[in-house]
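So, here's a batch of structures to check.
Across the two complexes that follow, chain A remains constant while its partner is chain B and subsequently chain C.
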Partner chain A sequence: MGEVVLLSGAGIRIDRKALPPLYPVQNVDLSVRIGDRTALVGESGCGKSLTARLLTGLLPPNAVLDRGSATLLGEFDLGEEFPDEVRGSRVAMIFQDPVSVLDPMAGIGVQIGRALAAAGVAKAERRGAAVDLLGSLHIPDPEEVARKYPHQLSGGMCQRVAIAMALAPKPDLLIADEPTTSLDVTTEVQVLDLLEEYLDSSGASLILISHDLNVVDRLAESVTVMYAGQSVEHGPIADILSEPAHPYSRDLVRSSVLNRGEAAHSIAGTLPSIENVTRTCPYRVRCSEARSACSDTSLGQVPSSDGFVRCLFPLKKMPGAAGGEPV
Partner chain B sequence: MALSTGPELDRDGSTGPPQGADEPASATRVDVFMYVARKLGSLVLVSVLVATLTFVVSRATADPSFLMVGQDATDEIIAARRAEMGLDQPMYRQWASYMADLVRGDLGISRRTFAPVGGEIFERLPATVELAGAALLLSLLVAIPGGIRAGLRPDGWIDRLVGSIAQLGAAIPNFWLGLMLIYFGFYWLGWFPAPTGRGLFALESESVTGIVTIDAILARDWSAARDSVGYLLLPAVTLASGVMPPILNVTRNAAVSVVNSAYYEAALSFGVPRRVVQRRLLLPNISAPVINILAITIGFLMGGAVLVEVVFSWPGLGSYAVAAMDSSDYNPVLGVVLLASVTYVLVYQIADLVTFAMDPRLRISR
Partner chain C sequence: MTHHESPTGSYDDATGIDAEVESGRPVLSVRELSKTYTTKRLIGSGKGYQALSNVSLDLRAGEILGVVGESGCGKSTLGKVIAGVETTGIGGAEVGGQPLDLAQGTRTRDQRRQVQFVYQSPRGSFNPARRVSAALRYNARLAREVTGEPVDDALERAVKSVGLGAQHLDRYPNELSGGQLQRLSIGRALITRPDIVFLDEPTSSLDVSVRGEILNLLTGLRESMGLSMILVSHDLDVISYVADRILVIYVGQIVEEGSASDIVARPAHPYTRALLTASSLPDPAEPLELAVDVRDASFLPTGCRLAPRCPLAEARCSEPQHLVASHGRSVRCWKAESTLR
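Let's look at the complex of A and B:
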């Protein structure tokens, strides 16, 4: 099958009651092969999380795949109804807020047991398997933790439990949506270690969604930069951090705390409206490199999956630069 | 942020938690005991307060002796009567003896029938319980599955359908719906008996529970059961139409918030099948608000559905209180009020206890 995930020109429309629809995801190209560890980065509101939900078939009921194509594991068209069994064993997700992700009414052991049941573990063995799983994630006193309820655990502990549930069915693709954003720094390191350990031992693919380039640098090999619902640049992490081709990538890297030597640089302006689909470059109003051609040339599809930049005037030559055509 | 790091790590990392981890069960048991004790205490307190209120009302409406002796009585007769009734005693004495009577189940004498009010209420209670139970059952059959289905797909066709039914039920006056059902069900179609109360006389065997339908089923007297259900159905539907909409709305909204919650989505993303998620995760998580509205509904129904009972000549507490009021007979009214209030508080406390027992966040402290 080659590609675990293949999005080409994918767009998501959200229908609203008595209001015009929104287009939070407009044009995303994403190609993830078996074993790839890739990251989606961008400001909040750029459509990262919605893209992740598209990949797990868990879009809100009023959201639909509106344009382009999206294929999961080479066989599932994400524009269609998504079979329940695929989740868990094939693709699993780790969420941003670990405390609200756990069922407040059920014990930890019971909850992990549900995920294990979905992975085909027999009823009698679930409790023991849940404890073993917690132990394998270096959780001290796993039996005690299995007896507890979510409200008795700290955020970091909840996240490890959630990771245990996501990893229980040994998914081929792990989607991690800001997995460490709500954790303190020490816990963050532990959680990232856990994820890395799983990826190393299982050979699973990772899609990491984050606005934190430190975390991305730690786990991912390649990066797709998103802006206003579009993937604007894709390439190896080292290239994008050191020599970005898209002006937005450059500004994003500059604004990140990654470059501790320099003063953090904030990008002026705000994200454009998502009430219409933009055919031209969405970044041009904030871009320091913008020229007059940027506002009247639409950006076409990007051919290459090894690396691309969707910009008329990239900062460096790329194999898959976007060919422009007049609007 | 930085300040919270210390204790967070302690809770995470340490193998021997400091706060009595070797005896978590006993600590919890004390909590539960205290909780139940507090509930019982407040039940007693509220009952005393309600009884005091009915006492005040019974003394404030009019001098009961006045009402009993009639207009032509001389001052001597009134004084004798007052002494006989204990009304010449100081207020606190009167209050104490009123309370003592209540504890013995003595709710006074009806001045219309000259029978003890306690006995009359006890006689009519099964009718109210039967009607209330049937109305509650009908409401639940519609509201719980309907509310959950509606909540699973907000704005879907089921949501719109049950939403319209609920709105209609809430908007149509109860007594009017009752009259319409009588008109069509009895007069026009002839499917239902005349609104003359319960199907009491069909039952040949002895009454066990006092609830005719259940008695008939227990005695396997199917024709009597059919008969009593015939009498019961129209008033029950009428009553249910009023109490069902709030239950439906609460269930639906609770289901919507669970379906939109992160833990619902997460459980699906971990591969837990949808039907397991709906049964094991949705149901417990909507239980608290649903139990709460059920308690309110039961409390309301046990007060006697006055209008519905009157329209269908149902011999329950509501029509009893109305008949008593018509002849300025206060003891029955106060008795019904007292019973309704205490039932209300009792049901409410039970609901609280059930919620407490179900929700680990309340039951187990951090």
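Let's look at the complex of A and C:
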């Protein structure tokens, strides 16, 4: 198995009653190999969460993969029925809101036990294994926590429990959709450390979905920047933070930094409509570098040795790009 | 990183209010405010949770006071009690020299005009079935009573002051972006020409690409109108960027207070140090990480409330800690004295 996830020009269509369909994901290239830690970043509405849902088979019933190809774990074609047996065992997901993930009517130990059952742990061993798992996530007094119900725990503790459940079957691929957005900053650091510990010890792959570049910088090695349903740039995190090639990546990085006494950066305008599939650059109306060619030339990828950029006029020469011509 | 080395001088001087700040009476002063939430029981007395314990603060004219702390620390409750949305607060408060009723939440029309609120979720602040102008009209009528300004003039002035046009008033909330709606929320607060605007997490539900737009608007309003604001956020990056002074709250108590640049450069309380360590700002000289929070929300220790999570805790931390002013700072930690020296 070479790639854990391979998306090539993937697009998702959402059908609506009596209304034209929407194309929230239009052209996403994503390649995640075993052990990779990659992140999807972009504004809300850019299609990053929907891409994650495609990978876990959790798309809404009126959404389908309608363009390109998507392969999971090297063997499953996501254009067809999702392989339910891998969800929660080989592919696990951590969601933004831990409180709504947990069953309010079941004790923590019981809930983790259910996740362990899915991973094939025998019934007699589940309680002990659940407590061990909580302990391994540095939860003080794990036996006490296992007896409690979700409403008795703080948001940070609930997220730890949700992580314990996701990690119980030792997944090969962990998809974390804004795992720390609803947590306090001091707790956020601890939760990110937990995820890192698991990745270090298991060698699993990570897809981190976040709008927060600081979180991405702590956990991921590479980043795919998404804009209006397209992957516009991919590369090592350090390169994208320090020397982005796509104007959108640059603007996003700039607006995430606040320097006291200087005006804060922001990006004027709004995301384009997703009622049509765009072949030209979706960012051109907000882009300070846009030229006339941007509105009438259909857009390809400029590859580099360790990434790509989808822009006619990238801000830097892509290292290792063959000829630098759009393909 | 150099962004905290710019002296507060150039930043504050630009507002031209330094002298006034020093001499003038605070626009809002709160003294010893406590607020307890009680859950009703059929039999016996309900359980109480003290969300705020003896919080005192002064908001000076033309300054942005940043209030930072984690969820559940009482920072939103503080605003709600001041605005009269939450009642049964114990303590005293004055706005413009007039006492503010914290127990019943009763407000005179003029006090409603003086203290305005901007909520976290711009989508939740507007009725989706009505044009946004409908949501601004109540405040425009309040303004008319006091100043005689016609309602339509007030509405137009409000949208212009936040960089939007009159055409936006006729839109429905779903036709506007989150950033535009948050601008309108701020515009709605400005209609009444308030003395104080309380902003509860104004940027946390916005994309980072829009955040700067709102922060620039707030600093612009401070400069152009001398508006006094209390900005509540869990995000120290945002607070340290816009605020002149910072209050750090932990479990209902102020644990540190001081000028923004000073607190970021030399945090004294262990909680402030942990916040800075976790933020994307440069780490403090002595970074600090807290232990996992396993606090039972209904139980408040008599000593330092951070002690169960604090790696520096000692036996003496179980004694009550007082907010002690020293070196231009107030800190609630007996160990901080040595840090500040």
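Simple rule for what comes next: the second predicted complex is superposed on the first by the 305 of 327 C-alpha atoms of A that agree within 3 Å, B and C clash if a C-alpha of one lies under 4 Å from a C-alpha of the other, contacts with A are read in each partner's own complex, and residues count from 1 in each chain.
Note that a contact is a pair of C-beta atoms (placed from the backbone, for glycine too) under 8 Å apart; a residue touches a chain by one contact, two chains touch by 3 or more.
The structure presented is a predicted model; accordingly, all values stated were derived computationally and were not measured.
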Can A:S255 be said to touch chain B (first), chain C (second), both, or neither?
second
Between chain B (first) and chain C (second), which does A:D141 come into contact with in this model arrangement: first, second, both, or neither?
both
A:Q230 contacts which: chain B (first), chain C (second), both, neither?
neither
Could you say whether A:D84 touches chain B, chain C, both of them, or neither, answering first, second, both or neither?
first
Please work out whether A:T278 is in contact with chain B alone, chain C alone, both, or neither, and reply first, second, both or neither.
neither
Have a look and say if chain B or chain C is in touch with more residues of chain A.
B
Check whether A:M157 is in contact with chain B, with chain C, with both or with neither, and answer first, second, both or neither.
both
Is A:E43 touching the first partner chain B, the second partner chain C, both, or neither of them?
second
After superposition on the shared chain, which partner residues are touched by A:T180: those of chain B (first), chain C (second), both, or neither?
neither
Partner chain(s) touched by A:S205 [first = chain B, second = chain C, both, neither]:
neither
Can you list the residues of chain A that touch chain B in one structure and chain C in the other?
140-141, 154-157, 184-187
Given the complex, residues on chain A that touch chain C span 43-44, 138-141, 154-157, 184-190, 211-214, 251-252, 255-256, 258-268, 270
So in the complex, which bits of chain A are touching chain B?
17, 56, 58, 61, 84-85, 87-89, 92-93, 95, 97, 100-107, 111, 114-115, 117-119, 140-141, 144, 149, 151-157, 162, 165-166, 168-169, 184-187
The residues of chain C that touch chain A in their complex are 3-4, 6, 10-11, 70-72, 177, 179, 207-213, 215-216, 234-238, 240-241, 260-261, 274-275, 277-280, 289-295, 297
So in the complex, which bits of chain B are touching chain A?
1, 4-5, 8-9, 11-15, 21, 153-155, 261-263, 265-274, 276, 280-281, 284-285, 358-361, 364, 366
